[in-house]
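Here chain A shows up in two complexes: once beside chain B, once beside chain C.
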Partner chain A sequence: MNVLSCSMNTLRGLYDISGVEVGQHFYWQIGGFQVHAQVLITSWVVIAILLGSAFIAVRNPQTVPTATQNFFEYVLEFIRDVSKTQIGEEYGPWVPFIGTLFLFIFVSNWSGALLPWKIIELPHGELAAPTNDINTTVALALLTSIAYFYAGLSKKGLGYFSKYIQPTPILLPINILEDFTKPLSLSFRLFGNILADELVVVVLVSLVPLVVPIPVMFLGLFTSGIQALIFATLAAAYIGESMEGHH
Partner chain B sequence: MKNVTDSFVSLVNWPFAGSFGLNTDILATNPINLSVVLGVLIFFGKGVLSDLLDNRKLRILNSIRNSEELQRGAIERLEKARARLRKIEIEADQFRVNGYSEIEREKFNLINSTYKTLDQLENYKNETIHFEQQRAINQVRQRVFQQALQGALGTLNSCLNKELHLRTISANIGMFGAMKEITD
Partner chain C sequence: MASMIVASSNAKPLSPLPITSQSPKPRIQIPQIKIPQKLLKLSSSALKSLSAVAVTSLAFSPPSLAAEIEKAALFDFNLTLPIIMVEFLVLMFALDKIYYSPLGNFMDERDNAIKEKLNSVKDTSEEVKQLEEQAAAVMRAARAEISAALTKMKKETQLEVEQKLAVGRKKIEAELQEALANLERQKEDTIKSLDSQIAALSEEIVRKVLPVQ
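Up next, the complex of A and B:
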């Protein structure tokens, strides 16, 4: 009996330590679809942050920018730079798309790393960065796919499809495969990085609650920013590639 | 034993029930680490960011100042160019007026000289006509004189006989004698 109770205690301890929830979701039923409510909630918070800062930024525009306006102009300049270097001369119409991708992913990642989401307890699952969920990243990656198809088709018409047999027709299967691997790699890269970051932090917190997770959290912040930049840069590169074509 | 199985069951079947609430477990919700991270981020990020933003602001100010200076320079140059244009227009007007008067004078001179030439030509013509007339008159006169001489010669040849000859000689001798007496 002692042995049993001892083993039971060990199990309870293990259970407490392994109280890291992966794949646990808080579901809402919307029109016959099961949606991940925690992702929606955190997305709304992120969207609110972005819209609020956009509102603040454009509230009182000055010729010589004040501190806030200066900061947001700097962000915009950065995004324009990224789009310009990746897309080329006709980057203008794509700045809003690239900027939205970058800002949403960046603020999502950093909110996951910086906001104490876990203070709010959900009935099931827990709040985390929206990019922590594969659905968000797949949605973003598919948007990128649609964007670069649209860019190529609107620039070159049906001649866009000639790039599939461009070096030689032998590469046709690989070129077609690329259209599937692009969104796949985009979404899995972002999802995997963010999930791994948060998991590492959560596991470390559950093992050693204080001080030890801090370097990892900084690493997470760094990785989050890099991932947002990589996603935006790659999206811009794909768009630029489909507009420029092989020469 | 039942507890053990319960714990296994609870491992398998995740508790589903529950509602929104606040998790007050400080260690689990991790606010201390988060605040440290946030603090460090703000402490170091603020300096970098404010440097960056100040530089950007300075750059903007510089570019605005530069463009204002350029604008001022351009306006000055425009004013100068306008003044020069005005001066040149005035000069051009003067030149035009001068040119008109010059042309008028030239025209007048030309007309005068032409009149003079015309007069000279007229005189020359008249002289020529007069000369021609004189020459014609002289010719006519010569001709008439010649004819008169021939007539006289013919008359002399036809009328000259012995008696007339003698009479003339005696008359001439008498005349010469008279002349000799007078000289003596």
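Up next, the complex of A and C:
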């Protein structure tokens, strides 16, 4: 009995200390619908960071760039490079989409790791990276799907649908299935990676508060960047794939 | 996910206690000693009570845990999804307005300007060659002029020198002839004076030699 109650108490204690809050949300009611307020708040912060820094850096472009302008030029070159390698010569109109995907996911992920969200107490749930919520990742993945459908339809008209029977009509079911697996894999990859990162860090911090979590945190930063790049690259690849002509 | 974590961590400490401590022992000890059977009974009853306690403790587990397990919703789709979509699209257009388009255009223009400048630099290299040729021509002309002027000056000075020399020579010759003429005149004068003296002397000599009669 004593042992049992002891173990229960220690378990409860551990649980309280570690404060691993998974899948807990701070709800707001908007016109009869529920929203995850913590996601919206952090996404606003991320958007504010992006818009503010871009506005400050590009407000007055110099021919010989200053340090911040140089950084933003580098980022833009990087985004253009990714879009160009995946989409091809007609990448111009897609730079904003790919770039915003990359920047939004990247800043979201890093904000989850670097910004001290825990300082702000919520009544329920906690603030974390927006990409740690399935709603965000699915929203981005669905937008990607819409984008590549739009790209294909605007380039080839209804002839776009001929790609479903392209090598042989036998592949029709698989080709149709691809349209569902693409957003699914995109969203779950990002969601799972970011959630797992934050969970690992939180659990390690609860076990060993000092030094030990630091390498895992750096690994988390690395993974976050990679995930942002993967999402943007894959989105660009899907768009490029639906735009390329196969005669 | 949280429910799984919590459930598994709850189950672990409970199960090892009854199984490992009691179940393997009885099978070995039953045929040899009779006393332990009581213990066994006791222990089995204890096991029952333990398990009952475990069940009740699980059932009446802390309300906070139970509540949080219920609410853990990882795949909770709601209005957040379309709101994030709209936010993303707004962010995309805003970033395009303040970042991608302006900075991209600026960079392209700068690239073009640099290329043009490079091309113009290539053109001016020919210009530079022409200018160099012109400079060489000017230098050659200047050298020719200078040498011509030099030769001219030399000739002029030579002429002058010769003229001066000729004038000097004439002057000297004239002076010389004058001096010679002077000499001649003086000679004649002295000869004349000598002639008159000769007459006088000869008269005296004659007088002295020829005693006066």
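Worth pointing out:
In this text, the second predicted complex is superposed on the first by the 230 of 247 C-alpha atoms of A that agree within 3 Å, B and C clash if a C-alpha of one lies under 4 Å from a C-alpha of the other, contacts with A are read in each partner's own complex, and residues count from 1 in each chain.
Please note the rule applied: a residue touches a chain if its C-beta (ideal position, glycine included) is under 8 Å from a C-beta of that chain, and two chains touch if they have at least 3 such contacts.
Quantities reported herein were computed from a predicted structural model and do not represent experimental measurements.
Annotation: superposed three-chain arrangement on chain A; chain B versus chain C shows a clash. After overlaying the two complexes on the shared chain, residue contacts for A:Pro96 are found with chain C alone; chain B is out of touch. More chain A residues lie in contact with C than with the other chain of the pair chain B and chain C.
Of the two partner chains, neither chain B nor chain C is touched by A:Ser108.
Of the two partner chains placed around the shared chain by superposition, neither chain B nor chain C is touched by A:Gln86.
Look at A:Phe55: by the touch rule set out above, it reaches chain C but stays clear of chain B.
Of the two partner chains placed around the shared chain by superposition, chain B and chain C are both touched by A:Thr63. In the superposed model, A:Pro209 lies in contact with chain B only, and not with chain C.
Using the contact criterion defined above for the overlaid structures, shared-chain residue A:Phe72 touches chain C, although it does not reach chain B.
Legend: residue contacts after superposition of the two complexes on their common chain; A:Thr131 is shown touching neither chain B nor chain C. Looking at the shared chain after the overlay, A:Gln227 reaches neither chain B nor chain C. Within the superposed arrangement, the part of chain C that overlaps chain B, taken from 114-122, 132-140 or 186-194, is 114-122. In the three-chain superposition model, chain A touches both chain B and chain C at residues 4-5, 7-8, 11-12, 15, 24, 63, 73. Only residues 1, 3-4, 7-8, 10-11, 14, 16-23, 27-34, 36-38, 40-41, 49, 52-53, 56-57, 60-61, 64 of chain B touch chain A when the two sit together in their complex. The touching residues of chain A, when paired with chain B in their complex, are 4-5, 7-8, 11-12, 15, 24, 63-65, 67, 70-71, 73-74, 113-116, 118-124, 201, 205-206, 209-211, 213-214, 217-218, 221.
On chain A, the positions that touch chain C within their shared complex are 1, 3-5, 7-8, 11-12, 15, 20-25, 30, 33-36, 39-40, 43-44, 47, 50-51, 54-55, 58, 61, 63, 69, 72-73, 76-77, 79-80, 95-97, 99-100, 103-104, 130, 133-136, 138-140, 142-143, 195. Against chain A, in their complex, chain C makes its touches with residues 1-2, 5-6, 9-10, 13-14, 17, 50, 53-54, 57, 61-62, 65, 68, 71-85, 87-96, 98-100, 102-104, 106-107, 110.
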